[in-house]
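So, here's a batch of structures to check.
Two complexes, one shared chain (chain A), two partners (chain B, chain C).
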Partner chain A sequence: MALSRVSQQGIVLGIFAVMFVAFVVFLPGFFTTANMLTLLQNVSVLGILGLAMAIVVIGRGIDISLIAVLAVPPGLVLQMVQDGSSLPAALSVALLLAVAFGVFNGWLIAYAEVPALFTTLASGLFLAGFGQAALFSLDVVQWSPGMQGFEWLGQGRLLGVPLPIIVFALACLLVAFLLRSTRPGAYIYAVGDNPNTARVTGIPTRPIIVLQYVLAALIGCFAGLVMASSVNSMPTRIFNSTMIYDVILVVVLGGIGLSGGRGGVLNVVIGTLLIGTMLNGMTIMDVSYSGQNLVKGVVLLIAVIADSFVNPRNEETAQQGDI
Partner chain B sequence: MTDNVLEFRKATKLYSGVPAIDSVDFQLRRGEIHALVGENGAGKSTLTKAMAGVVTLTSGTMLVDGKEVAPKTPLEARHLGIGMVFQENSLVPTMTVAQNLFLGQEKFYNRLRGIYIAAQQFLQSLNFDVTPTATVGMLGAAQKQMVEIARAVLHQAKVIIFDEPTATLTPEEKKYFFDLVRDLQKRGVSIVFISHALEEALALADRITVLRDSKHVVTDDARNFDRDRIVQAMVGRDLSNTLYGKRKTTVRPAGERMLTIQNLKLAPMVKNNSLSVFAGQITGVFGLVGAGRTETFKIAAGVLKRDFFHGGEILLRGEPVRYRVPAPAVKDGIAYITEDRKVEGFFETMSIARNVYLGLLAKFPRGRFLLSRREAQSSGESWIKQLNVRAISTKAKVVELSGGNQQKVVIAKSLAQDPSVVIFDEPTRGVDVGAIVEIHELINRLADEGRAVVVISSYLPEILALSDRILVSRQGKVVEEFSSLDATEEKIMYAAIH
Partner chain C sequence: MSVQLKRTALRLIVAASAVAAMVLPARAQQGLDEPFQGPFKAALAGKTVAYLPVAMNFDLTEGWFAGVKRELEPFGMKVIVRDPNWSTSAGAQALTTLISEKPSVIIVHNPDVQTYAKLLQRAEKEGIFIIQINMGSVYRSSAFVGANWIEVGERATEAVVKACEGKSGKIAVMQGALSAATSAYTLKGVEDVLAKHPNIKVVSSQAADWDAAKAKAITQTVLKQNPDLCGIVGFWDGMDIGTAAAVKEAGLTGKVFVATSGGGERKGACELVKSGAFDLNLSYDVPTQAADMAAMIKWLLSSGVKPGQVKGSIYTTLIPITKENADSQTACWNLSDLKK
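Take a look at the complex of A and B:
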């Protein structure tokens, strides 16, 4: 079993390498510095979201509401600044909203024991609907003069590298540190590996589950800020897109088992690079939007099937809310 | 035609090399009521499961009406006319009684009204007072059992097997159940039932078979038995040449009263249970299935979910405590070492060292945020050495270890927390003989160090070999206490059965 798991990561890395080399050889204009930077910049928001999803999936949960938290709190920042609030005030309100949302999700899942899939499905719908109905005047919240300077987060460059790439790298380091070197990180793996054992051992399982969803909401909100500042607006209808599937694709493809307790930041990076290369290559080849969806769908299916072969679940590890 | 409707010859079933039943001969006569008695783990359940096609024999033969058969699934057994009523209901709770009765026999187009009428007539013919349109989940235990019996009769079973049929019934329901069984007997059905209640076996059965340690001990007419003879047959081991041969000659004196449980209630498993556990000695807790031992200590350690505070008091060092989750109990020095290590014992994808370190982290060092790689490595190594865990390295995954070594990891994870009260629940279940000796030595060492040790076990020799003080639990409460100096297997078993 240990062998086969190594080989799954190996398979994904192999696919990535083959695809990358093929694109370098056959696609003119793929392997240029400019295109490489574009590729990374395009997937950095997806990668940051992947980190949020990874934390939750390692803890044996799932968070479908990530896109809502990507859209609504950052949208609120733009809206409040447009309406005359100061930027720091708007940011604090948005962060508070994200934390409150994470606590709400976590409480429902850990204490009320509602399966994570249904909780986050419903709460995501609620948050997105609440934003569109009560907070935003238009579907696309526009940049306003009060936001001056903030677009640096999405459009700036440091030593020639676009800032979203640097932000993604920093987020990776931070999450890796949290998961590998801190006590909450060790507890998240423990809860994901076996929640019953974690409980009997004396690990505060329910607060750890709440923490997972708060972290996911905060990281999701942060990804939203990066996204908004790179396009100078927040298209809140993004909640209705298929972006959440891309996030799951990144995590599962990278090799983080949906049964919990396995994988880490490296897997998110591998998944993100593979998806980034695939999407970039298809864009250069001018594959249509629906064609791209078809390819993504097939790849996700293969990844999920491979996951259930490599990380098999049995009656002991399967549980309510497990997907 | 033989006189025996069902017969086993030299039936053996091995589970990973360990026999659950060993060369057992068994005959069931046509139209008799046959009781199977024995300790937990004596092989009663395995024998009945072999009859019902739930498990297949490793060797030996099974005969139905004198013909050799080997049912591989419950369905094949049902076609042979053997039906089993399980301890855990095998009914679908959201369906109606009638739907459950005809489950698996539906025609392609199934008119509900048709099966309701058929079910009504059938239940009336059995004189069962159950409404066919009622949802099974809403029925009481006795009525569910009636539905199960009715289903077995409907499948034209000539042998019906009951596993602990009366465990969940009230006294009136039991009486009704006895009448049902006698009525089935009049219809020519042969009955096998497992029971821990010897009075029931004596009152109801025509013949009684006693099993012990996977072997057949005796089969005889019920009128030739009395309570004493059954108890003798259940426990009459010769232990002089075994691991458990040495009897204690001294007992450790009781130290401080660490844990006191007073009038603890949790329906239906724990009823007004009271007991005390002292520092510096081993308190053995013996009881049969359903005696409420595990539940009582799980409540004390906060492990039981959904403890709705039914009543009673728990004192730790004289201070009242009530834990809703295990975390505060662990911090206060109570360690519960589970009987089911796969479900709640270890982290299977993690290394031995990580398992131990997580135990350490959960109690010490308070407020620390960062992990220490060095501490993880050293604590893992030291516990592997202390408990003599045999693995390639500290990095080996727990899931790759043998049962005995896994159990040692579970114990190490708890002992890393330096507990003052250690509760072992079936500490040597599924553990090889060598590891049993080591685990017993360890348990003795813990008591010598002055910790309060509780050993819950269903295996009498283990209780006698380890305990300084023996508590016997029966039907949800502790009913007897012995010093291990004057306890014998007979005395303990006599107190444990009802």
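Take a look at the complex of A and C:
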């Protein structure tokens, strides 16, 4: 049956297409170059985070601490520059912190074999708390004159295209290259699909898992820098927000199964576009905040329900570790 | 001796004795006791003031804490803090525990108008003075110190309406979180002013959840749809930094009037007004609010009134920060200075 071959990705792509066309037809001012660029720009940070999450989820993990790493190291950059450090020094410290955090996460998950969900839940809390208690004097770390020029990353334009979009596109290409064309990328899929088989075939599973979390932390930190330079500050309290659900949403909605080993960059792009189109269209229509949440929830449910109708789960298709 | 000389001598003696009369008795009595300061000091010494904000670590709550501490600790008072970190239920729990610990005063920063109301009433019944700061609950306690949110909304909107004269008349409203009463009160002020100006059209009125990134995304979309927008009424400077970033990115700084409000911390307020990000920032000067709270505490404790017996409010006088006064030393404050 042809219907059974429609994947989650296809369903979401369909919903996206229907919504997009509807907005183009019924919403004057939606389908303009300027608005399309805004749409993409507004979801580019979410998209970059989605890439980080995708790497981890494909490797059969999950990284709840992503928002902490988005907030704390970039916040540290702003704070250090504010306190008089040079920008390169601050950036290197932040990158080191991000790498150390990724290694810490990865080590706990790969070697101490603590489940990823609990590890990253706790380590995220730890990092955010550490930032609040020891690094920042205030929740919102403001831009300072020493950061002059760096805001280009979030506010600049290249050939008329806002830089966050370009950065997102580059990140997509990089991650796609990593996943599709390099040995570690292939290993991540192997580990995600079946860790035991991967180990038996001689893949260094544990180092690969550590690598996933280091990559995720670095990408998260990078997304934070884009965000901070885009709004001229780092609201570190963002850790307390529901943003991590949006990130998981982008990944799962796009069709990357939480059971690992499936999906790729394209899925993140589709998920991001769907969220972006929804938010942009509703903002133009001036839908209230609660209304937006309602629509968001309904669209999600439709996607999930459609998927479970078209691809019903049974003992054969369900994988171990499916949530 | 001539008569002239005698007279001069006499005058000198009279003058000298007059001076002596003024100076000597005081010395002889060894100072005069002021009868009221002793009881005042006794009323304050050793008492505890508990401070329960919605969360620490942001300019407003850190500023209040530092200011109150600076005013009261020299009198031998203890200022303790409970930080519920944005959790309403943790705040209610902290308040319940505090009531049983029986401090003399609790300073409460309400997350909304309802949650703490019953607890505050109970606290005052049990003999604890309640000072509410910036966000009042439906229960009016011994004192409320804070901004009048309706006025904040009115004045910000009036400024935006004025800036829109002769322009498109299209404005946007950037609300905070829907659940927050501050946001709702401010919106009421906005509506009141807009009712008087039917020529002004609100093209977007959305809640950005106090989040700068969300505010930026909304503003960007609104500006793309309405490039002739003439003003934005924002509800908090910490969030509207995103609103301003979107305006700047669209190259409309100076063309779109951005009005907002906040605690007047230098980096978050004056610096941003100077850079042109905000055209108006209504400041409810945090050090003044802290001093007002401390004054209320001193008065309540030394007056001998029972908690709940008197009820009053100190609405904060707003400081409008514009390009004219953003450079001055007094318009804004530094947290680091307040902590010294």
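Just so it is clear, the second predicted complex is superposed on the first by the 289 of 323 C-alpha atoms of A that agree within 3 Å, B and C clash if a C-alpha of one lies under 4 Å from a C-alpha of the other, contacts with A are read in each partner's own complex, and residues count from 1 in each chain.
In the analysis below, a residue touches a chain if its C-beta (ideal position, glycine included) is under 8 Å from a C-beta of that chain, and two chains touch if they have at least 3 such contacts.
Every value quoted in this text rests on a predicted model; they were computed, and no experiment measured them.
Q: On chain A, do chain B and chain C fit together or clash when superposed?
A: They fit: once the shared chain is superposed, the two partners occupy separate space.
Q: Of the two partner chains, chain B (first) and chain C (second), which one does A:V295 touch, if any: first, second, both, or neither?
A: Neither chain B nor chain C is touched by A:V295.
Q: At the Cα centre of chain A, what angle separates the centres of chain B and chain C, to the nearest 10 degrees?
A: Once the structures are overlaid on A, chain A sees chain B and chain C at 130 degrees.
Q: Looking at the overlay, what does A:T182 touch: chain B (first), chain C (second), both, or neither?
A: Once the two structures are laid over each other on A, A:T182 reaches chain B alone.
Q: Figure out whether A:M227 sits in contact with chain B (first) or chain C (second), or with both, or with neither.
A: A:M227 sits against chain C, while chain B stays out of touch.
Q: When both complexes are superposed, which of chain B and chain C contacts more residues belonging to chain A?
A: Counted on chain A, the partner with more touching residues turns out to be C.
Q: In the overlaid three-chain picture, which partner chain does A:N194 touch, first (chain B) or second (chain C), both, or neither?
A: It touches chain B, and chain C stays clear.
Q: Which partner chains sit in contact with A:A22 here, chain B, chain C, both or neither? Use first/second/both/neither.
A: Neither chain B nor chain C is touched by A:A22.
Q: Counting only touches as set out at the top, which of chain B and chain C does A:Q132 meet: first, second, both, neither?
A: After superposing on A, A:Q132 lies in contact with chain C but is clear of chain B.
Q: So, does A:I203 touch the first partner chain B, the second partner chain C, both, or neither?
A: First partner only.
Q: Superposed on chain A, how close does chain B come to chain C by Cα atoms? Whole Å, please.
A: Between chain B and chain C, the shortest C-alpha distance works out to 33 Å.
Q: Intersection of chain A residues contacting chain B with those contacting chain C?
A: none
Q: For chain A, which residues count as touching chain B in their complex?
A: By the definition above, chain A touches chain B via 1-2, 180-187, 189-190, 193-194, 196-206, 261-262, 316.
Q: Quick check: in the complex, which residue numbers of chain C touch chain A?
A: Residue positions touching the partner: 55, 57-59, 62, 85-86, 178, 203-207, 209, 211-213, 216-218, 220-222, 224-225, 238, 241-242, 244-245, 248-249, 267-268, 271, 277, 335-336.
Q: Enumerate the contact residues on chain A facing chain C in the complex.
A: Of all residues in chain A, those touching chain C are 29, 32, 34-35, 38-39, 41-42, 45, 132, 136-140, 142, 144, 155, 162, 227, 230-233, 235, 237-238, 240-241, 279-280, 283-284, 286, 288-290.
Q: In the complex, go through chain B and note every residue touching chain A.
A: 303, 325-327, 329-331, 336, 338, 342-350, 354, 357-359, 361-363, 368-371, 397, 399-400, 413-414, 417
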